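Shared between the two complexes below is chain A, which has chain B as its partner in the first and chain C in the second.
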Partner chain A sequence: MSAAETRSEEITPPQDLVDTRLVLWYFVAACVFLLISMLGGILMALQLVHWNPLAGLELFSPGRWRMIHTNAVAYGFLANAFLGALHWAVPRLTMHRVASQALSYFIFLAWQAIVLLTAAGVVLGPSFQDQAWVAEASRNLGISMSLGAQGLEWGETPFWIDPVALLGLLLVAVNFMVPIAKAKGPLYVTLWYFMAAFVWTFLTYAMGNLLPEYTVAGTSAGAIGGLFIHDLVGLFVTPLGWGLMYYFVPIMLQRPIWSHGLSLVGFWGLAFFYPLQGIHHFLYTPIPMFLQHGAIISTIAVELVVTTVVINFFGTLWGQGRAFVDNLPIRWFYTGMIYYFLTCLQCSMQVTLTFQKLIHFTDWVVGHAHLVMFGVFSMWLFGVMTYLIPRLLNRPWYSHKLCEWHFWLSAAGVLVMASDLILAGVFQGYFWAALQPWDVSVVASQPFWITRVFAGLAMFGGFLCFLYNFWMTWSARSHV
Partner chain B sequence: MFETKAGVLLIGGLGFFGFAFLSNAVVPILMYKDLPEQTAEQVVNDRVLYQFHNLKERYPDQFDKYFALESVRDELAGYDANGDGRLSGEELPRQHASLLPLADADGDQHLAGDELERAASIVRCAQALRLGRQVYIGEGCWHCHSQFVRPVSNESKRWGEVSRTWEYQNELQRPVMFGTRRVGPDLSREGGRRGNDWHTVHFFQPQVVSPNSPMPPYPWLFDAGQDGVKTPDLPNQRGLALITYIQWLGSWLDSYPYYEELQDLEAEAY
Partner chain C sequence: MPAVDQSPANRSLRSARLRTRVTLALAIAILIPSMYGFAGKFYEFLHLVRGESDGAFAVAPILNYLLASGGFLLLLLWATANGMFHDIERPKHTLLDREQQLDAAQRRK
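For the complex of A and B:
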């Protein structure tokens, strides 16, 4: 924080540096989409254990809602919560307001429209796919007109939304780059991550949503698809998440980051190795083997980089370990970091060809994905919200106990879910390799899938505690 | 350099991303640039046409309602400008130009008689494949079914030949349907394993033919009968298209094992 502190002596911060109302709005939007996403996840989990109460209803098809589940998390929850946190952190770090308040509100509304239209496209689109005008337009335009999802994970965003989403990402970058460009002197670590993330997110989104659909087919499309899936986590979610950690942790602990040198290693290691890994999602496919080997090596390399970052953060905590118990946001952050280290350690092993033989296509991967997206990044953002909401509303939390429930149900729920699914993956992998009838792997998965339903309900319950707490805190303010 | 705006934006943001894109995306594109990408018409083969015609035999009313072959044949015949009863390359409009080499059985550079019938079938079958793929993606089939056979874990014993690049070099693999998870079996060698009647029942209510399956039912791929009740006998346009697409998967290969019998084969081996 030294850079920002010295700067604050030179410049007096402008009035209304942070638009707190907008931050709050972003958090509300994030919570709404997380609620929808979790309901979609629960529906799919219930389907797998034959308990789906909505079976046979076209608009509640678990197949379509599984895409709502993943897309609402990435673009509805994570993106909104990140944007809210950025509107708090960037002006305070640079001592300059974002480029334009009007633009900020326009982006807010446009982004909600993009997410809602994606959801509408995914749920309603397939029902109209057989209309004559669709085939007609497809012939005339020379493109495949998928009204619903497109066939790439997280790239399901229907094709008619892609250009709008790209424009939105460009405006986001402009809005935040203006205050960053005004800031003088050496940049603090957080801003490295944010700046790079603005470039990477735009490029990643453009690559994944345009190239495999319009330019190349087959194996080459698979290679690009792998890059896209991986970069969306590695170059959009990860840098924004770590940027926020570098910002909030030193503020809350009232001490600078342990080692500036290690921050440099962490950032530049991520920047170099992360974009090279995408193909590890498609090992043993017809993608050239030397590219698969390259992806594996850079994945293992990034694990070393991750270790330096985690060491840096635990070095920062060193001597103030009590904060892990007393300070709830710090507990969210560091629990997330422990999960982050676990998931990256797991990644450096599961990415090898030896592990892949067994666990590819199994629930192992699903468990891993939940540990990353919920156990790390969602938990960090819950920590950020737990820290910021009282400051945005100028009021303490309605109930500290509900905050604790949110933490424990989330942290325990995701750990149970991830361990359960990872173990299920091992069973499935061995049943398949042993050439058991397919049914055997499905029947054997049932106890794991049932456990998963309850782990998911625990995470959902924790989130409901948070929502209720948020609501009561907010409505209490209006009575004052 | 490592802490400046220009360094972060140009080296970290653009430079490293560009390097990764060149090495991981442009390299495979260049490697496969000489492998031509086939259209849906070009990947229609005799095996999938057999299944397509079988759908017409089993569900004649539904089939004629959505994929009438006669109207296309009449349309094609209508292009016969010089009235000699056969179509030459010049007479075919551009959107049907690829049909000539595909349907010209006797190699006389003209389409006539049975060749016209075949051309009409190819047009309709390609249309079904395109729509079927859209349904496959839109309904999220690819989140529970993969489309590639790996060279490890006895997969070629269960499914058949290991997947190779040329199998994916067509417009129906844009983006490629490798898949991410196998809750249900791999489908890249599914074509022809089961009859169309099995598929209609399976899509209507999977547990009837596969009791332990966690697959959801898809009644919206079927029309309602005169009594207003949906039945598996009445697959609608999306249903017929999806079945055609499934029956196409792997139909380009001559054979693959029938993995339900693997247990018997294994028993014999020991």
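For the complex of A and C:
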């Protein structure tokens, strides 16, 4: 179908294509969960500098808060914000509505219930575990009845929620795949990424939450766990994030992506090289070395793929560099891309066995994780929200200055936090390699952890600016 | 020396050629070493499965990978057979055309 043919097509009015109210609801839910997650992060940071404001409260012990922090950001913030953006982008890309509006609202409510029940399981589960009825039910049903978190990073969702979450992911896939299947002509790269994400997220979630719980055990379960942790980033968050960038950047710059062919090289490279690299989280473990080497090779291959993607986006910006300064969403997007390139470069180094000897189990990894999840994907989603919220509410932002504060506090805060923790990781690694007592490395980490508190507070302050701005923009609308 | 044709059509043609060459160069630079590394590791795996106890241990993650990648290989073949990559740059223009139409329709509302 040519562009001229497209023009002659009957255009469905955008208000009939996109349910703007639902997009807005998803963004509100995402913000609520990010607020909770960031509070959890600050509590954790305070605990590490011996100033835990909730000391002595079992329900809010740091181990539980930490899981709230990570799960709220992954399933509460990122998933909700992505779903909101998908409800905007997929109908406009395909010119077809989602499969069912009623299903969309059901998924919205079900997903919030899943995230809240996960939080309830993580916080309350261990306290109820010793009840007699739990042991009895476990005996009668012949299954483990661990009410609290499952023992897998990012897979802590209690086992009784897993089937519901999987059903939710299946419904999400059906709801969005129907319009994509109806789209005519060669698909734009964004839709390839989205399709892959729907399949991968379901498979990754099933692999990580079901296999170690019910089938494989021991080190083999560790290998699966490694795949799960990394595939959740690379096969759920990454394809949705890049898919949205390929959609929003060209329409904001009013020019097509530099090379669509190159973007497809990036997509298929991700498809074939990403799924195997998760085991790089478990180098120097009893997992067979050939699997560890395979993970290292596929990780480095993915870094090459990432380079093509970054070249393509900067090729698109070429000649319009001023947009990086003047256009706030573009600034969010491209700052996130610079951080993405840095984090991938860091990744290709840290997966080598030489590097792992030094940084394994240190705060280097924590710094890397924050750079990826906040510096890249959260910043992209902030950019998407900064662009879409005025369109959804049909009003300009209440304060452009607050938007700028949000950007600068977030971008600078995460850069300081990541650099600080990465450096802390190097120090910790050398302390351990020198066989210093554990306490020595903990004491030496204090300046880094104090710096982390302030960096986190800056990021939190930026987000509060955004929330206040969002609220004021929304309130102004209701008075019209 | 003949004058270089600076017409917009010629510039666009040269730009398209540059894009094609960069795409092909990067595709080759990425795919060949990556496939070489992957094939080597897979060959090692086959030897392990046959000869050592470690082989059985590694079946679960490898099968996971093959199931996912096999599906995507089939998708790639299907997409190629159905002309999804025939006019590879067209979708990026269609995207902008549609967005312009949608925005125009929104303004008319």
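Simple rule for what comes next: the second predicted complex is superposed on the first by the 465 of 480 C-alpha atoms of A that agree within 3 Å, B and C clash if a C-alpha of one lies under 4 Å from a C-alpha of the other, contacts with A are read in each partner's own complex, and residues count from 1 in each chain.
By definition in this document, a residue touches a chain if its C-beta (ideal position, glycine included) is under 8 Å from a C-beta of that chain, and two chains touch if they have at least 3 such contacts.
All figures in this text were calculated on a predicted structure; none of them were measured in a lab.
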| item | value |
| --- | --- |
| Clash or fit, chain B versus chain C on superposed chain A | clash |
| Touching partner for A:227 - first (chain B), second (chain C), both, neither | both |
| First, second, both or neither for A:294, with chain B first and chain C second | both |
| Partner chain(s) touched by A:265 [first = chain B, second = chain C, both, neither] | second |
| First, second, both or neither for A:285, with chain B first and chain C second | first |
| Partner chain(s) touched by A:186 [first = chain B, second = chain C, both, neither] | both |
| Chain B or chain C, by number of chain A residues touched | B |
| Touched partner set for A:199, first chain B, second chain C, both or neither | both |
| First, second, both or neither for A:276, with chain B first and chain C second | both |
| First, second, both or neither for A:216, with chain B first and chain C second | both |
| Shared chain A contacts, counted only where both chain B and chain C touch the same residue | 186-187, 196, 199-200, 203, 207, 211, 216, 219-220, 223-224, 227, 264, 268, 271-272, 275-276, 279, 288, 291, 294 |
| Of all residues in chain C, those that touch chain A in their complex | 19-20, 22-23, 26-27, 29-31, 33-34, 37-38, 41, 44-45, 48, 54, 57-58, 60-62, 64-65, 67-69, 71-73, 76, 79, 83-99, 101-103, 105-106, 109 |
| Of all residues in chain A, those that touch chain C in their complex | 1-3, 6-7, 11, 13-15, 17, 92-93, 95, 185-190, 196, 199-200, 203, 207, 211, 216, 219-220, 223-224, 227, 247, 250-251, 254-262, 264-265, 268-269, 271-273, 275-276, 279, 288, 290-291, 293-294, 297-298, 301, 304-305, 307-308, 311 |
| In the complex, chain B residues that touch chain A | 2-5, 8-9, 11-14, 16-17, 19-21, 23-25, 27-29, 31-32, 37, 66, 95, 127, 130-131, 133-135, 137-144, 146, 148, 150-155, 157-158, 163-165, 167-171, 173-185, 210, 212-214, 216-220, 236-238, 241, 259-260, 262-263, 266 |
| Contacting residues of chain A [partner chain B, same complex] | 47-50, 52, 55-56, 58, 61-64, 66-67, 122, 125-127, 129-130, 135, 138-139, 144-153, 155, 180-181, 186-187, 192, 195-196, 198-200, 203-204, 207, 211-214, 216-227, 235, 264, 267-268, 271-272, 275-276, 278-279, 281-282, 284-288, 291, 294-295, 356-358, 360-363, 365-366, 429, 432-435, 437-439, 442-443, 449 |
